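What follows is subunit A paired twice: with subunit B in the first complex and subunit C in the second.
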Partner chain A sequence: MNILNTFHLYVRSMGMLLKSHLQYPASFIMQTLAQLVMEGGEMLAVILVVDRFETLMHWTGGNLFFFFGLMSVSFYITEFFGRGVTGNFPSMVRTGQLDTLLLRPRAVLTQVLCSGTDPRRITCIAVGVAALIVGSNMSDVTWSVPKVLALVESILMSGMLILGLFLIEGIFCIHSVKSVELVNAITYGGRSACQYPIDIYPRPLKILFTVVAPFALTMHVPAAYILGKPLYGWPVWTVFVTPLSGAVVFTVMTLLFNRGIKFYRSTGS
Partner chain B sequence: MRAYLSVFRMRLKMELQYRGAMLGGIICQMFFGIVLVALYNALYESKAQVMPIEQVSTYVWLQQAFFRMMVATDQDLYDKVKTGNISYDLCRPVNMYWFYYTRIAAQKLMGSLMRGIPMLIVAFLLPKGWGLTLPHSIPGLLSGLAALFFGLLCMCALENITMAFSMRTLDPRGMASLLSLLMVTFSGNLLPLTLFPDSWQKVITLTPYAQLLDAPIRLYSGEYPVSDLPVILLRQAVWAVILILLGIWFWKKNQKKMIIQGG
Partner chain C sequence: MSYIEVENLRKTFTVRKKREAGKLFREKEIVEALKGISFTVDKGELVGYIGPNGAGKSTTVKILSGILTPESGRAEVGGRVPWKDRKEYVRHIGVVFGQRSQLWWDVPIIDSFSLLKDIYRIPEKDYLNRLQELTDALQLKSFMRKPLRLLSLGQKMRAELCGSLLHSPELLFLDEPTIGLDAVSKLALRDFLKWENKEHGTTIMLTTHDMEDISALCSRVMVLGHGQKLFDGKLPELLERFDTVRTVVVKYNTENPKLVLPAGVVKDKKDDEIHITYSPVDIPTADMLAILQNAGTISEMTLQSENIDHLIAAMYKEMDL
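Entry: the complex of A and B
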């Protein structure tokens, strides 16, 4: 009941935030277009890389588009629905706005999640979907039920992983007030790095993105299976188990976040 | 003139204050550099190109080191437009365009030197094929620096054009991010311009965006011979003049019908 109620609250908040974003249509359209150009630029970079190099080790051009699409879709869906965590939180701490959340009879994290959305990301998601379709066509993927399930699980779990990683920034922020740019290395850096398959990178980066920020487990293992080139030759069951690491990271970070909130000292007056 | 010089000096000192943010910025930028260099190394293993990998890595590191020069913006001005405090600036006995041009120049110069020099030293120590190589020749280095100076002039002019858009609307994020994205893509930050298709390069190297960092880097690595320097500097200077004139025109127009916010 409580969960249903919370979910209802979240949907209501999203609805209101969407309405408020649409109050300035010209600005909204402009920014949405800017997002399209941005993601288009990233896509252009991959296209140009494929045009010049053709393959990346044993990955074909189509495979690379698929990896790129999977990252874009997961990352921007997370930003779309989790903007409260991925964007607003540091300023909430800095301005003391977080105080009001502490007074309300809901979990802080729920309220933070309800506090922001970023509908401009819709165009980024569209570019990602296009890349996924082109990639799967070029790689001659024959879709089956397990493959579709693997893709859905991968996107969901990657989303939780990304939220979890942004929570690290939030936790640091509670302690230091200032937002810690350094954490961007792992979130945005992870996005840049892991839009290409993990096995092309040297060992330290492999370890970082498998153990610390397991993008490789939530994205590359399922994607490689879908493309018919299992990562490191791992068996099929790993495809459905390893992405759960995303949920693990999210859970751990949520616990740490709730602990961190206890140490929160308001900056407001 | 003296007024502008002191503004320049003040902003240099001001930028020096933020050393904590600097360290975070350096580590972040280094990380991005390492990821890119690792990617290009893997790509070269699949299919080597005419341009040696050392040159690509050098390109990536120089781009990362001077990234700040490209993206630094004057947050104060932005806030002033939003709050209406811009009215104080209209009272100053200086030309507003050049006042902010000097400010942003100092900010970009100091910000990128503070971050760039430590980064380049670390990048230089990385193994062959991964790190920064020495310049092609001493004249190459010197002409690269000269081109970087002209590149900075272009960057500040571009920045002021972006700012001109912010003065028009209260929510300039759309236009501002559109312009900065064009810059990141066509200046060679996202993908070295040298790796763009060869047929595109003839056109792309003529755009203002290629004058910012691409031209200096190619002089540094010897891809442009030093004998080309006059042509390159001329191209940069022409762009700088065009962009500055465009900016001045735009700012004048804005100043005439500026709406002061606040109450």
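Entry: the complex of A and C
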């Protein structure tokens, strides 16, 4: 009941935020197109790599497109629906808007999520979807129900992971620590790095993206399964378990975030 | 038991200073925002809370509205502790910050209200009734469909008030509500607050720098300075204490009136007007008037008391704020 109510509130908030974005149609269209150019550029970089080297270790060009698409779709869906966390929160702390959230009978994180959406990302998501389709066609993926489920779970869990990582930035902000750059290294840095398969990287990066920001677990394990690559000898069910690490990161960060709010209330700003 | 009970409330902030040359860490400075404040407010009271910037007014409001947790001390509002169970507590209060909006910038204000209905889980029927009532009282109808960003400052404040009262709170905090408003808007706002207070028995606490707000609205005023409560009582009492100087301007029909003034009274002649400045503490006003009358036939006389802002400035000065 409570969850339904919260979801209803979220949907209504999103509707209203979309409405406010559309208040400036020209700017909205321009920015959406700009996003297309930006994400298209990123895609072009992958195309150039594929064109030049054809394969990257044991990954074919089609595989690389698939990885790229998986990251784009996950990352930009998260920004689309979770802009409150991925973008707005630091300024909310700075401007004192956080105080207004504390005055309402709802969880702070719910309100933060309800406070932002970034519909301009729709073009980025489209590029990602295109890359996924091209990638899976080139890789001759034979789709089955488990594979579709693995893909959906991977996107969802990666989204939660990304939200969780952005929450770290929020927690830092609450403690008025200005080390946002450090966090960007694993959020935006994670996006750039993990749009390629993790095993092309040296060991420290592998550890970073498996243990700290486990994109390898939420994306690369299911992707390897979908693309029919060996899973380091792991049984198939692990494909559905490892992505859950995204939910774990999100849960832990939510708890820390709530503690941060408690700290904010006891110290003020 | 009073509606609001505050006892020995303390709050300190740690402010990080700029790092000094040659030192490894930044020094921290502890600022005592509230040094043990106590007061009670009854249900339905309209209380003004004044004091210079940095006196601790906003801190008190933030603690009583559940945003901040105090260091020590006790506070209860309607039997609830503000900083415990925040979500339950804030259902019963409304807060308007004069300089911070809680409505959505780019959408018609009616949409903001409708979303607030969902946030506060106000039943549809109650919401419609209350909205209708507030729309009439605040005259929102003409700009209900305009987005907040297109509203004038006065309209914005009215919309904010409506937003913070939709859930029919028992207690309303206003932090400098008339800041930047023109005379008409100020008067309308004060009338509305009186109406809300009377009609619904809403307890109202407002912080302000505008003494007119206090004299027009508040039966009671609290003065805060350096984190301490310095005065708590009726405005006339407060003024009496610091209203040390009066000026009488008299015009006589009589040529060269024989004015014999006691010591300590200043006489100043401007054209045919005589300005006499005296202290009602030394010479009661009645005595002063008798002296003036005995001097000759008065054609015109006005008694001026000091401008209220000057009084407050004098008070802050005397209290060393």
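Operating definition for what follows: the second predicted complex is superposed on the first by the 260 of 269 C-alpha atoms of A that agree within 3 Å, B and C clash if a C-alpha of one lies under 4 Å from a C-alpha of the other, contacts with A are read in each partner's own complex, and residues count from 1 in each chain.
Rule of thumb we're sticking to: contacts are C-beta pairs under 8 Å (C-beta built on N, C-alpha and C of every residue); 3 or more make two chains touch, one makes a residue touch a chain.
From a predicted model like this one, the values you see are computed outputs, not experimental measurements.
K.L.:
A:Thr254 in the overlay: touching subunit B, subunit C, both, or neither? Say first, second, both or neither.
P.N.:
Neither partner.
K.L.:
Which chain, subunit B or subunit C, is in touch with more residues of subunit A?
P.N.:
Of subunit B and subunit C, B contacts more residues of subunit A.
K.L.:
With the two complexes superposed on chain A, say which partner A:Ile200 touches: subunit B (first), subunit C (second), both, or neither.
P.N.:
Only subunit B; A:Ile200 stays clear of subunit C.
K.L.:
Looking at A:Thr238 after the superposition, I want to know if it touches subunit B, subunit C, both of them or none. Which is it: first, second, both, neither?
P.N.:
So A:Thr238 meets neither subunit B nor subunit C here.
K.L.:
Could you look at A:Thr55 and tell me whether it touches subunit B, subunit C, both or neither (first, second, both, neither)?
P.N.:
first
K.L.:
Please indicate which partner A:Ser192 is in contact with in the superposed arrangement: first for subunit B, second for subunit C, both, or neither.
P.N.:
Once the two structures are laid over each other on A, A:Ser192 reaches subunit B alone.
K.L.:
For A:Thr210 in the superposed arrangement: first (subunit B), second (subunit C), both or neither?
P.N.:
In the superposition, A:Thr210 touches no partner, neither subunit B nor subunit C.
K.L.:
Just subunit B (first), just subunit C (second), both, or neither: which does A:Arg265 touch?
P.N.:
In the superposition, A:Arg265 contacts subunit C only.
K.L.:
With touch defined as at the start, can you tell me which subunit A residues reach subunit C in the complex?
P.N.:
So the residues of subunit A in touch with subunit C come to 5, 8-9, 12-13, 16, 19-21, 23, 95-97, 99-100, 102-107, 111, 265-268.
K.L.:
What residues of subunit B sit close enough to touch subunit A in their complex?
P.N.:
It is residues 21, 24-25, 27-28, 31-32, 34-36, 38-39, 42-43, 45-47, 49, 169, 171, 173-175, 177-178, 181-182, 184-185, 190-191, 195-197 of subunit B that touch subunit A.
K.L.:
Quick one: which bits of subunit C touch subunit A in the complex? Just the residue numbers, please.
P.N.:
11, 13-14, 33, 59, 62, 65-69, 83, 86-88, 90-91, 93, 95, 97, 100-102, 104-107, 111-112, 115, 118-121, 147
K.L.:
Any idea which subunit A residues touch subunit B in the complex?
P.N.:
Those residues of subunit A that touch subunit B are 24, 27, 29-31, 33-35, 37-38, 41-42, 44-45, 48-49, 51-57, 180-182, 184-185, 189, 192-193, 196, 200-202, 205.
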